[in-house]
Structure formats: C-alpha cells, structure tokens
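Structure provided below as structure tokens; questions to follow.
In order of appearance the chains are A, B, C, D, E and F, and numbering begins at 1 in each one.
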Amino acid sequence: MYTVSVRDHMMIAHSFKGEVFGPAQRLHGATYVVDVEFRRHDLDPDGIVVDIGRAGETLRRVVAELSYRNLDEVPGFTGHNTTTEFLAKWVFDNIRSAILRDELGPGARAVESLRVTLHESHVAWASYEERLRNGS
Amino acid sequence: MYTVSVRDHMMIAHSFKGEVFGPAQRLHGATYVVDVEFRRHDLDPDGIVVDIGRAGETLRRVVAELSYRNLDEVPGFTGHNTTTEFLAKWVFDNIRSAILRDELGPGARAVESLRVTLHESHVAWASYEERLRNGS
Amino acid sequence: MYTVSVRDHMMIAHSFKGEVFGPAQRLHGATYVVDVEFRRHDLDPDGIVVDIGRAGETLRRVVAELSYRNLDEVPGFTGHNTTTEFLAKWVFDNIRSAILRDELGPGARAVESLRVTLHESHVAWASYEERLRNGS
Amino acid sequence: MYTVSVRDHMMIAHSFKGEVFGPAQRLHGATYVVDVEFRRHDLDPDGIVVDIGRAGETLRRVVAELSYRNLDEVPGFTGHNTTTEFLAKWVFDNIRSAILRDELGPGARAVESLRVTLHESHVAWASYEERLRNGS
Amino acid sequence: MYTVSVRDHMMIAHSFKGEVFGPAQRLHGATYVVDVEFRRHDLDPDGIVVDIGRAGETLRRVVAELSYRNLDEVPGFTGHNTTTEFLAKWVFDNIRSAILRDELGPGARAVESLRVTLHESHVAWASYEERLRNGS
Amino acid sequence: MYTVSVRDHMMIAHSFKGEVFGPAQRLHGATYVVDVEFRRHDLDPDGIVVDIGRAGETLRRVVAELSYRNLDEVPGFTGHNTTTEFLAKWVFDNIRSAILRDELGPGARAVESLRVTLHESHVAWASYEERLRNGS
C-alpha cells in the first residue's frame, strides 16, 4: 500500500453542548492542523498516488470553507457538536466528494481510502478513515 | 473508523539483560513521550470517541505509576526487559483495564481498539496495538 | 546564560478589528501552544534556573484564565486586538507578576528575563521577551 | 501487534518527467527524513521487535546508497520518476532484503511487515507498507 | 521585544566545492523549511508586528525564486557555495528588500531585525540574523 | 550573525538531592535530545560556519561519554545535581574544549559563541549559552 499526505490548517470558533465537555461548553476556538492521507495499492504511470499539487489545492479549498468562522452558525452543523472527530469526518467527506467529481484529476479515482487527522494541540488529535467505495 | 489521541510522558531508569543491548545493559534511563489512540467505528451521542478529559487523566495516572522510578526494582517487571515495546504493552494493558472498569465513563466501553506509542528519542519509537475484546 | 522552558496550551475564540486582518475580522478561534523560557546567569544552589514543577503549575494557572473563553468578552481586553503578539505579552505579564509575588518560590526572583512564545499553527508563531527589572 | 521505528535521512537531486509535475520537471532536490516501522505480533525472548542498533545501522547503509546523489543518473532508476512514493518502496525493498539475508540478526525474520515513510517537507510525506512474505 | 514568525519551504539541487564537503561535493539536493522571524519593540496600532498575511505571501514569493531549481545554474550564485548558512542570508536579504520597498505595507518599516532559519533535516539547521538599519 | 545547529541524543539515569525535586529525588532517567548552535559573524572561505560533519561527530563523541550511564556514579559530577540546565553547561564545556583543541578544524576557532539546548520531554527543555572567549 502506498500513501501520500498533505497538511494545511484552519482556525475556528465553536461551543459544545453536553456536560461531558465541561468548560468547552463555552464559546471558544481551535487551530486544527489538518493532514489528509491518500492510499492506493499501485502507483499511476507517472509514479504517484495522486497529483500532490491538486491535493494540496483541494485541501486548501476545503479548510477555507470553515476558516475564520464560528461553527455554531454554520447551517450544516446545526444539532451537532463540531468536535475534532466530527470535523475529521467532515473534511473526509469533502475530500472524497472532490475526488469523485474529478477535482484531483481522473487518476485520483484509483485512491482506495483516506485518513484525515486533525491536530488540536501538542497533546491531542483525532482522525477519521474509511474506504472510498465498496469495491476497494 | 474514528480515533482520538492524547499525549503525556514519563521519565524512568532501567537496565537490560542480553548482549543484544550493548551499552544499554548498564543502568541508564529514558523519557517516554506516550501517545494513546482510542478507536471506534461510530461516535457517541455527544459526537465523541471518548471523554478526552477523562482519557487524559487516566493516562496521567497510568504514567505516574512508573514516573521517576527505577524499573529494575518494580516487582511486576522482574524477569522482563522493560524495553520500549514492552512498556507500550504495559501502558496498553493499564488503559484497557481502566476502560473495562468504567474509569473513562460507560461510553468508553464502545472503544474497539487502542494503539499506544512510546517515543524514546527523536529517532526511535515503539508501539503496541490490539482490539479490546473478541467481539469487536 | 541558563534557560529553562515549559509548555502548555489554551483554546480561545476572538475576532479582530481592522482591514489588515481580512477574514480574521470574523469571530473565529485558535489553539495557542504556549512556551515560557526563564533566563538567569547562574544556577541556584540546587542546580536549577527555577522550580520547574512550580513553573509548570503557574503556566497552567495563567492559561486557564483564558482557556475556553471568547476573548471579545474579557473585560481587560476591551479596545485591544487580542493578536498572538498581544497575548504573548499578556502571558509574559502574568508570569512576571507570579514571580514577583513569589508564586514560583523566592529563588525565582533571580530570573532575569522571560521569553513567551505562542504557536498558533504549524506555520506561524509569535513571542514577547523582556528583562524583568531594571537592574538585571 | 508490536512495532519499532527508527529514523534517518538522505539528501538527493532529481527531476520528474510528466506535465503533472509542473516546475518539479526541472532538476531540483529534496531532503527525505526516512522512518522505518518494523512490525510483529510477539516479542522475541529479549523483549524486542528487532535489534534497534542493527536496524538503525541498516537504515543508515540503505540511505547512504542514495545520499548526495543525482537520482537521474542512478542506473537502476532509469525510466522511473523517483517520486517520494517510489523511493519509499525502494527503501522498503532494501530493508526487506537486509532482513532476508539476516543482516538484522536471525530474530528479525519474525518481522511480519514494514512501513517506510519519507517526509519531504513540513507539509508533505509519503509511505509504502507491505507484509514481508505470504505466510504472515 | 515582540516577534512574529512565518514558515514556508523550498526544494533545490546544488553541489559544493571544497574538500570539507566530502560527498556533498556531488550534485545533490535539499528541502529547506524556511522560518522568518520579524522583530520590533512595539506593536502597531492594530496590535501586530507585521501583516502576517503579507509576510507569508512575501516569503512564498521569495522561496519561489529558488524552488525547483539547480542552484549551480543560478547566475547570482556563481562562485559561491550555496550552503544552508549562505541561503539563510540570501532569504534575509530578499525579505529586507521587500520590507524596504513597502511590499509588506508601510508599517513593516518599523521592523527592527529579522532572523531567518533554514531547516535542512531533522538534525541540522542554520540561520542568519541582523538589524535592518543603523538606527535600530 | 550566522548560526549552524546539529542534533543528537543521550539516555541516562540519575537522581536529585533537595526537596524542590519532589519525586525526582528517586533514581529515574531521561532522554536528552541535544542541540548545539555554533555562532559567528562571518562565513569562512568555504561559505560555512563550521564543518557540520565534524561538528556532528564531536557532538556524538560528547554525548557518548554520558550515554547509557548512571550519572550518580560519574566521578566528575559528585556533589552536583545533574539537572538539565547543569548538563547543558557540561555539553557546552565539552564542545568548547573540542573547538579550542582544533577537533572541529582550525576554522572553528572563529566560532564566537555556542548555545546548547537539552530537550527532556515534549513540554520541557533547558539551555546554556556563552561567548567562547573574551575578545568575541
């Protein structure tokens, strides 16, 4: 299995609902350093997993959707705690959609799975990983 | 698959038995930066893998058992080389026990597997990972 | 010159006023990984710059004052942009005050200067440094 | 599953063929920080995955083969783009060969799989992983 | 003293002349992770050292001049070994020039000194620092 | 001012005397990741601060003197707490001595000052810096 990973970041505000969150129930914020790992069993004819330039641009576009926003006011997140885990899945979904509409080039359709990791501090991080389709 | 990871550290002395260890057969020591990754397929109703506050407290309690100790004198380790690999398994066992006695909250029982990584320097680290029970 | 440094972090929400900030004029947030460097020319009789345990506790108390808060609503910050630079100075001021009221032990009065660094992402950080008193 | 990882690095020049590479079609270069993860289900009688001293020496020997070279002129790479992914596989192949000829000691034959990661910058890295033989 | 730092990177090929360089006399290459620290004694009315957005864009433009190039063929470098130290000074000179022609905004003229650090691997880095003008 | 830095590490056991150390009065240990920064105002004719190969070899030799040792039994340390600060000074003294007896080559005599940093964990580090002679 081959992988390629790219990194970017986003800075957001949010609050959580539920006693388990303690002081994080208050409006606060986070910097998420976001890593996306693309995985496939074979390299393409150019010798790559994915066009790393396009991968980086797609990740930049995805994090820009949330960057400098209060996630409590983002319509699609109503009723959800935008935890690090939840946001890892949200980034995953957006990168998968970009692959499926060929934003990373037709070759990227051979990517079999993704792992998205969000680092929230030097002592905590979360990730989401999944295969991209049934057949792979 | 979702994951959440937390980090802490411990500083210990020990020595190894066996020619393979060369100069590390002498009494020496190490700082271990310890990462614990908790894994499960679905988030709980709060949108989390595990209560990260409790996870951090449990990890702190576990590393405190060995912190500032000479492992050559810890009764449970008699007859074992307390290598980085061995200690990764020891931390794993202690975190698993804490989960099973609900120290991380009843929701943590849904955690399916753990990966524990001990960084011993900027150029070497070791880990242990395993599912928590047969059914998962 | 000897130095000792300790690290902790805080997660906050805020917004900035001024066109120079672009999208960061919106309510957003940040994780700040906070380093405090204590400096003095000679070690104390125990062979240390400062009691690192107390230094860590003081830093934890200082970052806890802002952790999980919306800085736009913190009375003392009214009329200020709580930039990374500004907050580095705020942490500096609080650590200095703690030293001057002997919270880090009487020996810490020999500390001559501090440097506080706040890392806001993997690609940006800011710091503030100053001597603690005229004579040093 | 237990793992042990060691790190080293190499500095090389190369160029790529194919429009997908944009400016990287020009002769340029890279520092690769190289991590090799050794994996097996059980520790050996000494309590280790592999002799970490020998593992580090083998990795040093492997990266030395390419260090300070122009990969465009390395005979074995003719007709290939020496991408980060491709080189991760090349390091994998060389470490596997070293294990199979007992360069890491006879115990290393119990290693079941390897993961090799090459970090090319603070925002990009690639890896190759595979089992070492059919039976494992 | 306040500082703000930004990070980017460049990937280049080059060779060195002189026996001291050993195998690095051959054509090879490097990834340089480049940090620029801007320093001044007082914050501007917006509460910043420098417009971090413009600072990042300037750094990106500066490293782009050398990115994906063979430095042995860059006319301005003829007769020089493009060591990490030398390149740190080159980045310094280019950032200083950008400040002096107001590319980072007129406020950036209050920046008093710069420190440029180039990380060439996980075990080696180099820097250049200097005041920007006589009066400061 | 130009600088070049190299990194290595050592793993040691020790204990401290004095109530300020709390549990660290017990025999324990540490991994120290050791950075040495060499500083001078001008580059030599080869375009370097110091022969980085020799600098790395010297650092390796210096840390090897303490590696895998119980510092409580090292004769030269009797009566001293071998704190991180104290050991930073010890490494400084040894690197300075190596420079003065031309172990890093005669050009290294132009090095004006050194900064030695010992990282003891992901949340604590210490350093010692000083000019090498009166005239510089």
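In the analysis below, contacts are C-beta pairs under 8 Å (C-beta built on N, C-alpha and C of every residue); 3 or more make two chains touch, one makes a residue touch a chain.
The structure displayed is predicted, hence computed values, not measured ones.
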Chain-touch separation of chain C and chain F, in steps, is 1
Larger contact count among D-E and A-D belongs to D-E
Interface repeat test, A-B vs C-F, A-C or D-E, passes over-half contact pair overlap for C-F
CA centroids of chain B and chain F: separation to the nearest Å works out as 31
Distance in whole angstrom between the CA centres of chain E and chain F is 27
So chain E residues touching two or more other chains come to 7, 122-123
Note: in the complex, chain F contacts chain C through residues 16, 18, 20-22, 80-86, 88-89, 122-130
Listed in rising order, chain C residues that touch chain A in their complex are 7, 9, 11-14, 23-24, 26-33, 67-70, 120-123
The chain B residues in contact with chain A across the complex are 1-8, 43, 46-49, 51-53, 56, 105
